[in-house]
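Per-chain residue numbering starts at 1, and chain names A, B, C and D are given in the order in which the chains are listed.
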Amino acid sequence: MLFNVASDLEYTVHFPSTMLLSIHAQRNASQSVVEEHFSIEPRVQFEEFLAEGSENRFIRLKTGRAKQLKISYRASVDCRFSLLPIRDINLVPLVELNRTALPYLFPSRYCQSDKLGRLAWDLFGKLKHPYERVLAILDWLHENVGYVPGSTSSDTSAYDTVTQRQGVCRDFAHLGIALCRALNIPTRYLSGYAYQLTPPDFHACFECHIGGHWLVFDATRLSHPNGLVRIGTGRDAADAAVASIFGSVSLTKIQVDCTLSPDQKFVGMTRQRAKTTAVSLESFAAAA
Amino acid sequence: MLFNVASDLEYTVHFPSTMLLSIHAQRNASQSVVEEHFSIEPRVQFEEFLAEGSENRFIRLKTGRAKQLKISYRASVDCRFSLLPIRDINLVPLVELNRTALPYLFPSRYCQSDKLGRLAWDLFGKLKHPYERVLAILDWLHENVGYVPGSTSSDTSAYDTVTQRQGVCRDFAHLGIALCRALNIPTRYLSGYAYQLTPPDFHACFECHIGGHWLVFDATRLSHPNGLVRIGTGRDAADAAVASIFGSVSLTKIQVDCTLSPDQKFVGMTRQRAKTTAVSLESFAAAA
Amino acid sequence: MLFNVASDLEYTVHFPSTMLLSIHAQRNASQSVVEEHFSIEPRVQFEEFLAEGSENRFIRLKTGRAKQLKISYRASVDCRFSLLPIRDINLVPLVELNRTALPYLFPSRYCQSDKLGRLAWDLFGKLKHPYERVLAILDWLHENVGYVPGSTSSDTSAYDTVTQRQGVCRDFAHLGIALCRALNIPTRYLSGYAYQLTPPDFHACFECHIGGHWLVFDATRLSHPNGLVRIGTGRDAADAAVASIFGSVSLTKIQVDCTLSPDQKFVGMTRQRAKTTAVSLESFAAAA
Amino acid sequence: MLFNVASDLEYTVHFPSTMLLSIHAQRNASQSVVEEHFSIEPRVQFEEFLAEGSENRFIRLKTGRAKQLKISYRASVDCRFSLLPIRDINLVPLVELNRTALPYLFPSRYCQSDKLGRLAWDLFGKLKHPYERVLAILDWLHENVGYVPGSTSSDTSAYDTVTQRQGVCRDFAHLGIALCRALNIPTRYLSGYAYQLTPPDFHACFECHIGGHWLVFDATRLSHPNGLVRIGTGRDAADAAVASIFGSVSLTKIQVDCTLSPDQKFVGMTRQRAKTTAVSLESFAAAA
């Protein structure tokens, strides 16, 4: 799938600050950036780098004396994904879990899985297969949490959302992650561009490590798991915030877009199909 | 410094479970394990592995049908450290920060630095040098937080301790880390064995990334920064818990020891000296 | 019903302190204290008084120089109660609510009803009659919260319990109260002695104001609503703690008992019957 | 002092709801409502009543089918107050405390005094006289908490503010109350109109029970303790919210005013004078 993504951000700078931006599409084994353009007006000092031990691309910039910043990113990104029949997934006992997945078993800032143990096992423990458990978590989130723009803040965590029962994509992802980790399923946060997301915005989903694969899920049901362009991967939004600000800077405008290249055809996953077939944003040789 | 460390743990197993143990001394550029012995009684399936992107050594074990587990670890560890005169530390602007330090700027499960910003800047923002700020944080912790065994639980986080003002080494470390991160100083959690710690136990300290070096601090003042044998490094205790349990297992006995090899002589850091000289557990001489 | 109640408490006093005890059976229109005996060893200064605007009886004492306190209370209490067929309850619109019930609509220290609104309406809003809603809350608590002695502390509130899903009678009562208030049902906390409670201890239940009556419910299902001897009424445990301590005093022993007078016969409420018949600890016959 | 107070509120009603308004000036021994006018447009069913055990005046209204509500209140209120030289205050031991003050020793929804004990005693325990302690708390709040409109929500409590260190009058009052209660000083919340408050709005202060009197303090330093017209008294904002809404109603406009009657002359309390002289909104015979 070839997607064209775009984001335009405007900031007011209150005093000279440093910013970390995470809006560039990842370059990884299953996602190629065919073409991209990034600009900041006025010109300020910046550099791109990869976060340690990950493929997340960060822009680090110093505002200097700029009072306003206009940031623009455009890219064409070729995304591959794999479809995995659930019946082919061989479960891996925790004791043989790939060590790369290990950090995603632990609680994190916005995903206090350690506090959700009883609730998660009570609600989902009867199901046996981890994939079934994740599907049940998605249904539970859909039935019990309202998608209410503006109802939460950057401080809101899974521990809040599990009771307050409203939020946006980030909150749905955090609660989904926390519930999965509480069930000993390694789960990580994914930020990205999402095809056909309405209204268009940056999006947050999550990935569970099941049977040796990172399977992707959208707890909001607002995007297609196979219509995502990955920006960042992390334990939660603390690792993959669109902008981390060291100083004092306010966002004044945001516009995000994700369209399909005109010559492409997109077939989304139905929920019916998701019951038997998982999506991974990793591109397997096996799938080729 | 050659230290002899030991830990003996006993667990009651309620039903077959998986455990991750983090009690082995790290092997890294400045710390060599000269000799070690590890045993579990009864014999159960286990393996040792390194966590992804770190030198933390984990033991992963399946309890199987065992009802009781006796775990024993002994090691002789050769630890090098470096002393750094503060006046020689060249500060690195955030915008040039080594990317390995970046994850330690973000909030984590037990270190909600995002919620401590105003407090941290009000208390410590007037000081200019990050090392001075850390020393002031250590003094503030000493003056304002009581070391009270049993006063906190595994659920306690920096956000609690900053108000409740009591805790153990883990809580002191978490609050120190959260305050440093709130001041944009990358800071990480260190678990280890500590020479002359009374009563002997596993210990928790923290390390700040200043001037390109990881400098080590003990917020409790109960150990010497240069008397530590590193077990684990992480964002907070979620990454470096002595035991992570997947199932149902209770700790029934714990005994920890850390002594100096008889032929060695130890000179601890005085607080007076710490004002002008930092300690790093990285061995620069070795690297030079 | 004539109940014989008893409580024996022992405290260690760390330095001279003031204590408020709430262990005396209330004297009110439907509950008569036939006989009672109260003693403190050694003799210390104390007085009994009624809390403002309530019939809660407090003992206020100064420990003076005593190092240990032995407190003993014995009483024979004649308790009347009323049975109300649900079909006879005429609902009172909120706008006509008796003003005495009003304070029990608001959130309190341990019952943050303001944070449970969406959850409560989602779970119980489809039911129409407030009594039905309360019965559904009781079922939900029974199915979703585990009775686990020692799992909570004096700091635990409804906001914790709704997620952590374990606790003791106090926690069950707090969560029940918070859910009822979130549904605009005035609800208050009741502490007391409970007949046939196993193991014997002080007990906590709650009362809802429905149709002009305070109806009593035990969220733990461990006692009979008509087998309670009321000690205190309040917004939550903050108003009706067994002991409020101003100073430093530790409880070292507690023994509580509640038996039926030998000549009496007790018929508990079955859950089946509770579906159509409510219990009020107010004695209407007496008032009629 | 004769004050003219006014408030104009506009609400959008999403579906038929019940509202409790607390905007009427209290009538009590030291405050007379000389004249007042209250109106709601369109005409809806409402009644005025006093809350149980208090002199708080509530308006209870049903929106019916109204889609918009315009609420208007005007009053001329004659307020008396007393000045008390601190040296004349005879302290009352806790054990002799008037029982009316007792409920104000306990923690409440927004004032978790039980969690602030160590902090409060560490910061203010060295001072001996409760009035000195309260003055020190006021200074501490002024130095450590920023008055930042919009920084908090209706969910914010003292436990948040003590760390996050910003808020509005309500948050200052809650934290002041929690710290006083933690020091065993009975303290209550006061909502009212405030003379010379800029910008004009409803205001929140607190009152401490010291030496048998309720002494009034403004933690924000934005009003004069002797320039307040009392609306409500309670444990915290849960008891004295401007509007409690049962249903779905949004505030769209608010305008508040408090001026001095033209023939009056106002002499505010200076902070210098407050060191030796307390203000009580109760009118003592002694002061007459």
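Couple of notes before you dig in:
Criterion: a residue touches a chain if its C-beta (ideal position, glycine included) is under 8 Å from a C-beta of that chain, and two chains touch if they have at least 3 such contacts.
For clarity, every value in this text was computed on a predicted model and none was experimentally measured.
Following the contact convention of this document, no chain is adjacent to both chain B and chain D. For the touching copies chain A and chain B, the fraction of interface residue numbers used by both exceeds half; the interface is of the same-residue type.
Averaged C-alpha coordinates put the centre of chain A at 47 Å from the centre of chain C. Measuring from the averaged C-alpha position of chain B to that of chain C gives a distance of 45 Å. Remark: chain C and chain D have CA centroids separated by 30 Å (rounded to whole angstrom). Of all residues in chain D, those that touch two or more other chains are 115. Contacting chain pairs in the structure are A-B, A-C, B-D, C-D.
For chain C in complex with chain A, the touching residues are 115-116, 118-119, 122, 144, 146, 159, 162-166. Those residues of chain C lying in contact with chain D across their complex are 18, 20, 45, 47, 49-53, 58, 60-62, 93-95, 99-100, 102-103, 105-109, 112, 114-115, 154-155, 184, 238-239, 244, 246.
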